[in-house]
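Some structures are shown below for you to check.
After this come two complexes, each holding chain A, first together with chain B and then together with chain C.
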Partner chain A sequence: MHLQGLVQPSCSSRPYAFGLPQSGLLRSAPLRHSSCSQLRRKPSLFTTAHRSVNRQSNRTVSAAGAHGFETGMSPQLRSAVDKMVQEHKIVLFMKGTPQFPQCGFSNTCIQILNTLGAPYETVNILESELLRQGMKEYSQWPTFPQVYIDGEFYGGCDIMIESYTNGELQETVEAAVNS
Partner chain B sequence: MPLVAFEPIAGHRKFLDIKNISAAAEMPTAANVEQALRTALQARDVTVIDSSSGCGTSFTVAVISDQFEGKKSLQRHRMVNDALKPYMDEIHALSIKHCWTQEQQAAATNK
Partner chain C sequence: MAQSFTGPQSEAISRKLGDALQPSRLQVVNESHLHAGHMGNPDGAADAETHFRVEVISEAFQGKPMVARHRMVYGLLQHELNSGVHALALKTKTPSEAGQ
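Take a look at the complex of A and B:
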């Protein structure tokens, strides 16, 4: 499964991509299969996840990628997501980017977060099927967008709207940002 | 083998037969979703709208149930998600408008 084609071209407004440098490293370096130890590259979410898919003799993981159902997140992916939600106060796992949301619910969350004015990170789950299925398992939540505040899963679009309307969201965000 | 073009009715009927068999097995209808929510949450009132115009891929739901008592918003949403777990493979989007207790429903309508 080639991830090259899934990575968006780099641009300054590109959302955070799990530690990938903005130079579009994945596009310039050829993706090799796992056994080539000479290929030294800064570890990133996509390459390590990809490598683990191929390295494991567990055929069901690659088969899962082909058929589109998830049979478990790789430990690298899980720890990358852990790191992401702990390092940043507000993380939005969405379809598309803040500039070009690909889904009405994701767009709504972006609008709400922009109105609040607090800094947030976004992850485009459309970039990788592994990530998309992995996040469903990680959050135990079947749909996107998914909002994480202060390292904890906050909810989806409905919860964002509800808590924005009754003021809870502003409180939670303030508490998170100030902590 | 006769061309479908020469037997449009027979071909269409055959297509419909196949489609109906698979549709019944997989595609959730608003009735299915409502039934699942009623039984799993012992709901007093359930409103389900198929927002995908009959495709069974996107639903908007509102549930009134006593089981929501004392539970936070996220917990309630998770309960609704769990109730619909068997259908989540086919449902692409789920919008939970309300998951309220009886009292909240009364408060909302009286406002």
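Take a look at the complex of A and C:
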């Protein structure tokens, strides 16, 4: 399977109206673009999948299909995602980019991550229908955004809001960054 | 402001979560009209059932981390998620966490 170009940086995505409802506590959070430069590196992470071994050790994967989100994710794509979430402390699979989130929930996650100040990677799942469907299966989670911390699925937008509000997210991120 | 519409998806969500989780509190709010023009509800139809806010208080969540609780709900609503429901904003608590 040809993966090259599966995920392209899309800083030129069309701007999205930020009029969607979002958590009031986050509305005033500064929108910093800490991961902008990192976006440019992203395609290589997925193109290296050609050489990756098919490793299915991620425990979230072993139970995939239990909820029927199976879409026949290719071994190459699975390896590429394995590599992505293990090589980066925090990965956000989102709709759009940090500059132009195309969903209010993805935007909320970006604002939380920016507020924490920890480095993170983003993947725009709208760039590839295969990736979008594949991530539902990989994470056993039917919606986006999806956040990975330290190689583990952490949650979606509601979990990010809740754990940010009660302080657990800061602890988890701190532990991940220092590990 | 458009009113929240209650249709077959709302009813199915309430019924399935009610049956499986025996919640002490269950609130299903159709917020699709707030997402008009957004993907999932692109034409902003008044009777759209794409975006829901769901609050469940149930003993079934006892001892389970948040990810597991949300997966339980997603698993129960798999059919709805595959047939037009685009987003669920979830609050999942046990009665003691909710101060009940």
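Heads up, the rule we're going with is that the second predicted complex is superposed on the first by the 109 of 179 C-alpha atoms of A that agree within 3 Å, B and C clash if a C-alpha of one lies under 4 Å from a C-alpha of the other, contacts with A are read in each partner's own complex, and residues count from 1 in each chain.
The rule is simple: contacts are C-beta pairs under 8 Å (C-beta built on N, C-alpha and C of every residue); 3 or more make two chains touch, one makes a residue touch a chain.
Just so we're clear, the structure is a prediction, and the values are computed from it rather than from any experiment.
When both complexes are overlaid on chain A, the residue A:Tyr120 reaches neither chain B nor chain C.
In the superposition on chain A, contact is made by A:Gln102 with chain C only, not with chain B. Once the two complexes are laid over each other on the shared chain, residue contacts for A:Pro142 go to chain B and to chain C alike. Of the two partner chains, neither chain B nor chain C is touched by A:Phe93. Applying the stated contact rule after C-alpha superposition, one finds that A:Asp158 touches each of chain B and chain C. Taking chain B and chain C in turn and counting the residues of chain A each one touches, the greater count comes from C.
Counting contacts by the rule stated earlier, residues 105, 140-143, 153-159, 162-163 of chain A appear in both its interface with chain B and its interface with chain C.
Listing the residues of chain C that touch chain A in their complex gives 31, 34-35, 37-39, 66-67, 70-71, 74-75, 78, 81, 86-91.
Those residues of chain B that touch chain A in the complex are listed here as 73-74, 77-78, 81, 88, 91-97.
Only residues 105, 140-143, 153-159, 162-163 of chain A touch chain B when the two sit together in their complex.
On the side of chain A, the complex with chain C involves touching residues 17, 20-21, 66-69, 95, 102-105, 140-143, 153-159, 162-163.
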